[in-house]
Amino acid sequence: MDDDAMTRFPVPDLDELPDDLRERIEDETERAGFTPNVFAGFAYKPSHWRAFFDYHDALVDDTDLERHEVEMIIVAVSGVNHCYYCNVAHGALLRIYAKDPLLADQLVANYRSADISEKHKTMLDVAVKLTERPVEVGDDDLQRLRDAGFSEEEVWDIGAVTAFFNLSNRMAMFADMRPNEEFHSLGRQRRDD
Amino acid sequence: MDDDAMTRFPVPDLDELPDDLRERIEDETERAGFTPNVFAGFAYKPSHWRAFFDYHDALVDDTDLERHEVEMIIVAVSGVNHCYYCNVAHGALLRIYAKDPLLADQLVANYRSADISEKHKTMLDVAVKLTERPVEVGDDDLQRLRDAGFSEEEVWDIGAVTAFFNLSNRMAMFADMRPNEEFHSLGRQRRDD
Amino acid sequence: MDDDAMTRFPVPDLDELPDDLRERIEDETERAGFTPNVFAGFAYKPSHWRAFFDYHDALVDDTDLERHEVEMIIVAVSGVNHCYYCNVAHGALLRIYAKDPLLADQLVANYRSADISEKHKTMLDVAVKLTERPVEVGDDDLQRLRDAGFSEEEVWDIGAVTAFFNLSNRMAMFADMRPNEEFHSLGRQRRDD
Amino acid sequence: MDDDAMTRFPVPDLDELPDDLRERIEDETERAGFTPNVFAGFAYKPSHWRAFFDYHDALVDDTDLERHEVEMIIVAVSGVNHCYYCNVAHGALLRIYAKDPLLADQLVANYRSADISEKHKTMLDVAVKLTERPVEVGDDDLQRLRDAGFSEEEVWDIGAVTAFFNLSNRMAMFADMRPNEEFHSLGRQRRDD
Amino acid sequence: MDDDAMTRFPVPDLDELPDDLRERIEDETERAGFTPNVFAGFAYKPSHWRAFFDYHDALVDDTDLERHEVEMIIVAVSGVNHCYYCNVAHGALLRIYAKDPLLADQLVANYRSADISEKHKTMLDVAVKLTERPVEVGDDDLQRLRDAGFSEEEVWDIGAVTAFFNLSNRMAMFADMRPNEEFHSLGRQRRDD
Amino acid sequence: MDDDAMTRFPVPDLDELPDDLRERIEDETERAGFTPNVFAGFAYKPSHWRAFFDYHDALVDDTDLERHEVEMIIVAVSGVNHCYYCNVAHGALLRIYAKDPLLADQLVANYRSADISEKHKTMLDVAVKLTERPVEVGDDDLQRLRDAGFSEEEVWDIGAVTAFFNLSNRMAMFADMRPNEEFHSLGRQRRDD
């Protein structure tokens, strides 16, 4: 794992990690071709590593939201919070899952001017409001999501992904996690080229 | 479990829950004398329930921070985020763990005027900054924590508790979770009375 | 009077005060069973003491607003301004006047999730807006109050109570006034218990 | 009195007012050559009129601050709060009391670029902080005032004037009080011309 | 030119300037009776002087907006940005072009309480939003301008004037440009007096 | 030119433009291999087009700042203002001029965590402050720039570039200018690969 995965805490050696961490990290590394630095960073504290990735996995595995919808929320929230790690790493995931080389740069800047459907604009209206001004989120915001076509459980999931990345952004910013260089350019070619 | 634990999603029946949830909830209920509504609220989605409480448990169990220090962070963060559920429920826990009937009301209002040590004031300076303006958190903030006497891992934990309750506050506010009436008055008597 | 009524200015002795202050303070003390610290704090400067309590008395005595409505405004405004003294002292008064042990904690956190009528939600919408963003208050805000059923003079009074506690909060925060310990638990029992 | 003194509440006729109000208003009118609209506006509710002007009088009469120092605080606070009435009416008073035709326009815009002493810059630093971010005012702010040469009681008075005009600005903005046309140009000539 | 035209950079001598600058400045001085300090300030760097005044001239010369409409936008934007130079210098221009001695003080304080038409209120709604929260400006804002009666090109011009004075305010504030004393009182007499 | 260069105003045909615009645009197109959309967008109004690019050219041509320093300011300012067009187009220019494929994504997110020198961190501290809170920029900010090694004229230029892109961001956001697809990936390869 990259010693420079974060600057404010030491990054442990892979072979010193508990087996469950090491195995998952080896899987991720094989899949991506590199070890995403968030795996290296959180390994500083294995109990938090497990909690963090279990929560993350629940959010992306147990939902009817499409994976690119989840990543849209993540990138819009991270753009608002100005999280370098998440902008770049989840920006790459969004480009890949949405098969869209431009959308991540749009959402990092301003979801209001992104090329997205009205349904997704409503989804991000609520996600960004819950990020910036949670005290003002009301029944009407959840109703707008339902009216846009999201099921009750999807509404919960939109809130949950938003909330989780308000955690994730803050951990990455607190520890100064650095995105792998690969993430900056992944998915920037049009698939149909 | 209280049907009114939250207003924006249905609360499931206890006996419909998976065994692991039901058992933990029964334990908590026996210990507290009532079922804290956050257990009822998150039960709407068992996979999230597990992830949430596992993360929470890692934060309070695997740390050298005293439990009342953890609760101080939680209440100060929740006060800043204006989270009704967490102000009240964790206010009660703070009164109990700190054996101090006044501290929670102080931290809900303004940690700067709380009766706390300089060390804890520094801890809350950083927690509140990471909550309100994460983009401005820098090396110097972590150094201030170290200079105040926190170990490197405690510094991580301060960031982690802060980050987690930025998730937790937002879930409670999104779902409109309501604190159990018992929490409002728990721990308000002086122990030495 | 409590020497610790405030931390940033000296608290005078009761028997050194002008007669009119001393008599009113003795009355208040007899009524409450203790001397609320705001009486001790303002006594630092008798001319301001008189002006402050005369204004306060005009607001609560010469109005068609119910006393618990006045206290609702005070607590919501103080919650937004993060005033420890007023949150706690007026929180107690609100619990007593509204005969509701929960409402003050709700309004300190977020009036939007309080158990209140639509009429009172509108009242607090305007009070909080006038507190946070007075530059944006417009004719339509006053019209909303009239439409909610408040008389013209009650509309004025809602503005006046809000404005006064923007003074009061700032004086309490500037002088670091401390609520009497009694206020933290007053009115927390249900009346019908 | 001018019917247009404010737009959101009716202005009473002078001869319908209680004697104490009418007499004071006649005195003010004789002194100024016109009736300042704040006297007309507050006359909507005589009990508030009395409370407001008694408080005001205590602030300007019972203080060692020079009158132009009081008006400097008022104009800087009103500029920050964007209060049209107070900018203009107290701008005129400041020009007159400070014998400076430019200072009011400077303080309405930005006290940081005003032609004032370091002592007064410190005074306005604290007044503006107490206006915008009272939650952050600390012991060190009051100490800065003492270090700048203000007595303990003058420190209190700086806080008190600031707090009062956070009330006054909000009342003027809520009722939409309009400054008399005379105020716009009063004191704009250099005295030594 | 006035050496005190700005405090943070030296003001060049008029006769050291390139001919094109000197000639324009002499023209302006003849017209106004004094050299507006912005001409002196920008002369610090002739290439920027030319760019700044060419842009300015394009905005006021090539537009169907009335000159007083342009100045209304400028003063409202400068009031929000708290720019002393522009408040005062363009306040004077607005008084002259609008033949209204009060409007500038109104717009510096709060365009929402100014005596202007609904059409101009809409114009300033958008100008102030583009100044304070450009990220939130949307299609609906431009549509509101069109619905208020502005042509497509006037809509562009409203955006352009707003954008330019977000530059101009920042240059004046960065260099600490000081308005000429004359500007403070120009245009304060009613024309029909 | 691309009809989709902006969404809120029509884009003129190249051959309908005045000669000076057409020639410059053809030059830029030849140099870049495509017509940057800002040239197409501003062509809506040729007088503004000329003013805008003349100002831009003065900023980048008549300065001792290195071109990559200018682009660093632009990207940091655009990131703070959330301008999609400038983030992407100037992000590409920064990657090219700085020969650094990562720096633009860092500055869009948070200049405080960018891999830059202390001198450049100071430069961006001031640029971002002048963008977000111009009212607070003081002598000490300019002094910090001088202390960091910038000449007096470079200090002016840092202010000027910042101010200009507060204009440019707002025009791009107002007209909804869209970055050319090419900009998203330009300069993302390491030069030494």
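In order of appearance the chains are A, B, C, D, E and F, and numbering begins at 1 in each one.
Convention: contacts are C-beta pairs under 8 Å (C-beta built on N, C-alpha and C of every residue); 3 or more make two chains touch, one makes a residue touch a chain.
The structure displayed is predicted, hence computed values, not measured ones.
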Checklist entry - Among the remaining chains, which ones contact both chain A and chain F? => result B, E
Checklist entry - Based on the averaged CA atom positions, which chain is farthest from chain F? => result C
Next on the checklist: Among D-E, D-F or B-D, which pair gives essentially the same interface as A-F, with more than half of the residue-number contact pairs in common?
Outcome noted: D-E
Checklist entry - Between chain B and chain A, is it the same set of residue numbers doing the touching on each side, over half shared, or a different set? => result same
Next on the checklist: Please identify the chain with the largest separation between its CA centroid and the CA centroid of chain D.
Outcome noted: A
Checklist outcome for this item: Here the gap between chain C and chain F, centre to centre from mean Cα coordinates and rounded to Å, is 51
Checklist outcome for this item: Cα centroid separation, chain B vs chain C, in Å, comes to 28
Item to check | Inter-centroid spacing, chain D versus chain C (mean Cα positions, whole Å) | outcome: 24
Checklist entry - Going by the touch rule set out above, which residues of chain E reach two or more other chains? => result 82-83, 110, 135, 173, 176
Checklist entry - When you check every pair of chains, which ones turn out to touch? => result A-B, A-C, A-E, A-F, B-C, B-D, B-F, C-D, C-E, D-E, D-F, E-F
Checklist entry - Along chain C, where are the residues that touch chain A in the complex? => result 110, 112
Next on the checklist: Looking at the complex, which residues from chain D come into contact with chain E?
Outcome noted: 79, 82-84, 87-88, 101-102, 105-106, 108-110, 113, 173, 176, 179, 181, 184-185, 188-189
Item to check | Touching residues (chain side chain D, partner chain B) in the complex | outcome: 135-136, 138
Item to check | List of chain D residues in touch with chain C within their complex | outcome: 7-9, 44-45, 47-48, 50-52, 54-55, 58-59, 61-62, 81-83, 130-131, 134-135, 137, 139, 142, 152-153, 156, 159-160, 162-164, 166-171, 173-176
